[in-house]
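For reference, the structures are reproduced in the following blocks.
You will see chain A twice below: alongside chain B first, and alongside chain C after that.
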Partner chain A sequence: MKILTLGWRLLLTLCIVMAMCLPAWGRTIKIGVIGPMNFVQGKSHWNGAVMAAEEINAKGGVQVGNEKMKIELVKADSNEFLNVTDATNAMERLMTQDKVDFVVGGFRTEAVLPMQDIAMDYKKIFIGCGAATKSLCDRVAENYNRYKYWFRGTPFNDNYLVRTSFSHLGAGAAVIKNELKVPVKCAIVAEKAAWTEGMVKVAEATIPKMGFELVGVWRPSAVATDVTAELSAIQKSGANLIFTLFSSSVGITFARQAGELKIPALQAGINVEAQKEGFWEATKGMGNYVYTSSTYIRGVEYSELTKPFVEGYFKRFGEVPTYTADTHTAIAEALVPSIEAVGSLDADKIVAYLENREYLVPSGKVKYEKDAQGRPTHDLTWGPGYLTGLAGQWQDGKFVGVWPYKWVAAPGAPEVTYKGMVPLKIPPWMKK
Partner chain B sequence: MNIIITGLITGSMLALLAISFSLIFGVARIVNIAHTAFYMVAAYCIFSLTGKFGLNPVAGMMIAVVVVTVLGLLAYKFLIDPIREHEAAVLIATIALAMIFQEAVMLIFTGDYRTVSALIEGYFIVTGVKVFYQQVLTFGVVLVILGILWVLLMKTKLGLAIRSTAEDREVANLMGMNDSRLAMITMGISVALAGFTGAVLAPLTVLSPYMWMEPLIMMMAVVVLGGLGSIKGSFVAAYILGFTEALVVFMIPKGAFLKGSVALSIMILVLLLRPEGLFGISFEEER
Partner chain C sequence: MVAAGLYLKRFYTVVRKEVLVLPSRIIVALFFIVLLGMPLISRNPYLIRVIVLTSIFAILAASWDLLSGFTGQMNFGHALFFGVGAYTSALLNIHLHLPPWGSVPLGAAAAVLTGLIVGIPCLRLKHTYLALTTMAFPIILMGIVFALPDVTGGELGISGLQRISNSLIGNYYIYIVIMLVLCTIMWKITDSHTGIIFHAIREDELAVKASGINTTRYKLLAFCLSGFFAGISGGLYAHYMRIAGPSTLEVSMSFSVVIWAVFGGMATIYGPVAAVFILFPLLEFVRFWPEYRTMIFAVVVLLILLYMPEGLIPWVRDKIEKGCPRCKIRNVATRKTCRVCTAGLD
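Showing the complex of A and B:
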């Protein structure tokens, strides 16, 4: 009888211990990572999130009130390049089947808008890490109670992207003027895609105001495999600066053929393919001197968080993070400190705390904007001291940071140069 | 000059694809939607063989053509032949086959863009226009292949059999020609040509798992414009559309992306005036 009693007591004790331990290793914070997983954008979404989860879990997890909870990631392939319905289905599954607590990711605006609606229906915090369209954040200001769970993680909105691109263009023009002592003649080459429509119109109006001669606008298909015709015409026009707007494969074709034909002009602007490590190989080295906006470049530091993130990512995945890898920032810098501060997974409490925070991230400092009427937009503040982005240039096989380099954002403002920047170069064949 | 060069290259690529597509349609009435997917597979084979295994580009091209031909023959034997009599079923099955190839390429190589080195780097200048050596080489190779194909079709017994089956399958069958075997051989030649097109054009293009879709539409347009099943028609129509594309790019810089639409509009216009296409047999006559 005594033995039986002892057995029961042991069993009871074991049950109590297990029940006490359960929250420590049984409960997790589920974060959905949504993106086009077969493409570099989605892979970066996932890699950034994995890195953040590994770092946080290695330190024991997230302190939520009295509990220590680990992060569990749920991968969702949005397939949004091909099918927006796949994206909404993936988001719906995250909400209903996987029952995630938070979501990070998304890339194409066309897919992110409906995905945003689904996340809002379930009152889940969704930090966007890909789409630049401003309207995503305008919705927060217009209908705060519904859309307050949305935050922009990266990149800064399309208005700021245009503004930054013109700063890059101005820097390129300054080098041409200084070194060649000739007037700047600018050609616009933009792939035919929805995101470039507005930018081309703004560029057509802005470039003459910047004091450059606009020699023409070329609109190849986003998947054009031959642009020699356009390049011949551009050379004939006398352009020495080419404002590029490419996000698709035409960015490789254009850079490769322009380099091979030694077109005497500097390419500046946005070329998403040129931001990738594989660009040099993809253009067989012909992409030398291509100059494009970027977010992370090895050796360039915005803040003390940049180097550990970029080098850690490079060590872990063998490549430099693209901007969609800022899922790392969304988890490690935005969500986790906010959860720990409010001591809860309650979305409303986290929103109230996060929207008022100002915090360092690997790409600068985050402060959420308010609109002209003072309503929160959860959009990112752009400018010196906050987020500015970078521009890099391929120089003899290496992608180096060239902007901001002695950049003056406004008359009288101090010069901005991040650590690790080098001067921009023009192709040597322009000097002949 | 640039219009001529661009038109010739585009036209030659379309000609190779369209002639090989017409060949199998004419002989076996097989609408092989996966035709340009074989072109994509060949391009990726070269990328792998030269880039990852360091093989000589010419050897890589040969192996790629062989691999694609074998794949085509297997697809014919196990997928197309059993349902050959049902044209709609063949069409759907080949769409499925193309999607399978696309997804397989996506799984193996991911959606990232890839490129292949040119066989000859550099360019030369003709009347102030820069022309890549690789473009000239591609054009020359395409002409040689078209010449070989012409000899095969016009000067050999096999060619005679293919042409007679294309003209009247039932009569050819009655004359003792093995219709099924001939269809398989033609499928092999057709797919090999698609593979060859992929091989010669790989250095001039950017590889992606969706690269088969755009040429498919243009190839179909060429075939319809030239007349379904007409090899001569495909040849002429390919250059008409090739030059149209080049003209659009040069004449309307802001509308360069419209080159495909303009070419397709010309096709519709010709069909309105001549429904059987430039060299096709009228539908009434065929019935």
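Showing the complex of A and C:
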């Protein structure tokens, strides 16, 4: 009986404490972070958002009119790599159970499209931080009243991604031409995956137009553990530039074996594994001179916001942020200043304000595009002065920024070199 | 008034003498009542979404059971029918602007055709060979989807499909009623003359052939029927999600169907339906523990299969009911004598 009394007393005390604490917490701004949380992309979504929320809350929160509100994050595992249905359920849950005010995240386009529809049904601002497909923003132009709550946060759209990759390729080819005085012979090596299908077709059409000889296309498995057959064939073809499209472990295999065999060609393009800190160890140093697109590289600064973000992220999570960590940007740079400016959480007011903003972010400057007819698309503007992305190269154990380095996007355009960039190098064994 | 009273009296008699006599029938009746009455209790959009998607997958799981459970044609590529139904409905809706009531049945018709195309080469195969061959078909179709991105949307799929209904509750009732009707039809098929032949083919095809029955025709019929119902579920799914994408053809989709059917109990129809209604919401329920969601799901499935190898529902049914040794009629487990022939049940 005594124990029971004690239990009841404890319960009563707990209730009083909670009741006292509630007003202190006040109202919060609930932001849903949706992504494949068991995968690196989702983890980065979450890390970026956590960092943004911690920074903002540490400063006292967000000034919404006369009220100061803290940010409360709601984590939603979309499981979208394995199950698209799961992703839509997670979004519906964010909308109706968690009743979030805003959503950031999403990765796989096939999942983001229906997730976008659900967010639009509830008129909630959804800033996409992963899917590159242009059609997500085309919907805004085609049906503005319904889809205006969608904004692209990162990356820039697939058309621009392809253009950037060819700019990287062009920069590599220029170094080969200047240093070796030979014509450029290019091989395409793309892992067997859906995302590379379209890019291979575009590359096959574009590379000859760039004035390079296309010597062939090789398609190893995304998880191949041996690519010596492909490398031998590439060497025999006389290629001195290899356009790589790798997102899986084959990126390590290919770089390691190419280094071991001293294949006389520069690897340029996309190699997701090479963007990671562990790449040097994984290739036992054989991945030297691998050159890949990237979003953030330590020591490279797009703007004054880059260093605090990259170093802060590295300090907090022990790794360089990937592009899906731009949930930080979506919250800290896109949403919060817009909420403070309009003094309200009203989605329509925020949309009207945000779509006309131009603002600095750690990866450059954001300006939302309009289509040829002048309709807002809420897509990101690409190019000098705005967002360009980066390319890095492994040079003697360090991943350094090499593109844009004295890059001229079009005749007459200003030359672009970000702070901390170094010149691109070709492997020394190409010079023999 | 008098006629209505007579009907009510007759209805009451049927309920009392046919439904209330067996716990399994009471459970099914409650299932119908709860599903149809759900919007009266809660109109939570999330809950409704989960139930609607569960219903779509219940049709899919039951359609697999019709082919693989009853006829024994082990199909490890059931996502093919689902995907064909989804893509056909999507193409018809987007390009020909056919409303869902036209695109979904035509999607199902395309899935029937696919059933024929797949069924014919598979007729000579059995067991593992059949399973592996059927598994290849959705993978082939996925290759075609990626090869023709202008038509199929490639990796992105076909999006922006018309909803069946713009009303939350309207949508709910359409999906629920379709599921209940289709699953009842499938159950009735298995209980019919055709269903008995399906069952017999699974048990001993040679004996069925020796009885003068054209088993080839019946196996093809099973492929087509299963394709039809799976195609409808694919079409419904595409219109609900407003997208038909490559995920509808993924191997994981085919395996999910097998897991649902085996978990619930094969060759029952109601078993896979019940399994989907347990497992799909379970996955949603364990969202509070995201890191271990899949593991919890796997542990539940493994435990059930370990201790209830025939599936959950037949196990439960055997616990609450027993069959009469003389007339085979099922009785509630507490009875000492059969409710029809009064034979002893112990």
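Methods note: the second predicted complex is superposed on the first by the 408 of 432 C-alpha atoms of A that agree within 3 Å, B and C clash if a C-alpha of one lies under 4 Å from a C-alpha of the other, contacts with A are read in each partner's own complex, and residues count from 1 in each chain.
Following the convention adopted for this analysis, a residue touches a chain if its C-beta (ideal position, glycine included) is under 8 Å from a C-beta of that chain, and two chains touch if they have at least 3 such contacts.
What you see is a predicted model; the values in this text were computed from it and never measured.
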| item | value |
| --- | --- |
| Room on chain A for both chain B and chain C (clash or fit) | fit |
| Touched partner set for A:N38, first chain B, second chain C, both or neither | both |
| Touching partner for A:I252 - first (chain B), second (chain C), both, neither | first |
| First, second, both or neither for A:A174, with chain B first and chain C second | neither |
| First, second, both or neither for A:V408, with chain B first and chain C second | neither |
| First (chain B), second (chain C), both or neither touched by A:E110 | second |
| Touching partner for A:A205 - first (chain B), second (chain C), both, neither | neither |
| After fitting on chain A: smallest Cα gap, chain B-chain C, Å | 6 |
| Overlap of chain C and chain B interfaces on chain A (superposed complexes) | 38 |
| Chain C contact footprint on chain A (complex, rising order) | 37-38, 75, 77, 79, 82-86, 88-90, 92-93, 95-97, 109-111, 113-114, 117, 133, 135, 139, 194-195, 197-198 |
| Complex contacts: residues of chain A adjacent to chain B | 36, 38-40, 43, 81, 192, 216-226, 228-233, 249, 252-253, 256-257, 260-261, 273, 278, 281-284 |
| Residue ranges of chain C in contact with chain A within the complex | 44-46, 49-50, 53, 146, 149, 154-157, 159-160, 241-243, 245-247, 252, 283-284, 287, 290-291, 293 |
| Contact footprint of chain A on chain B as seen in their complex | 2-3, 5-6, 9-10, 106, 110-115, 117-118, 121-123, 129-130, 132, 135, 204-206, 208, 210, 214, 246, 249-250, 253-257, 259-260 |
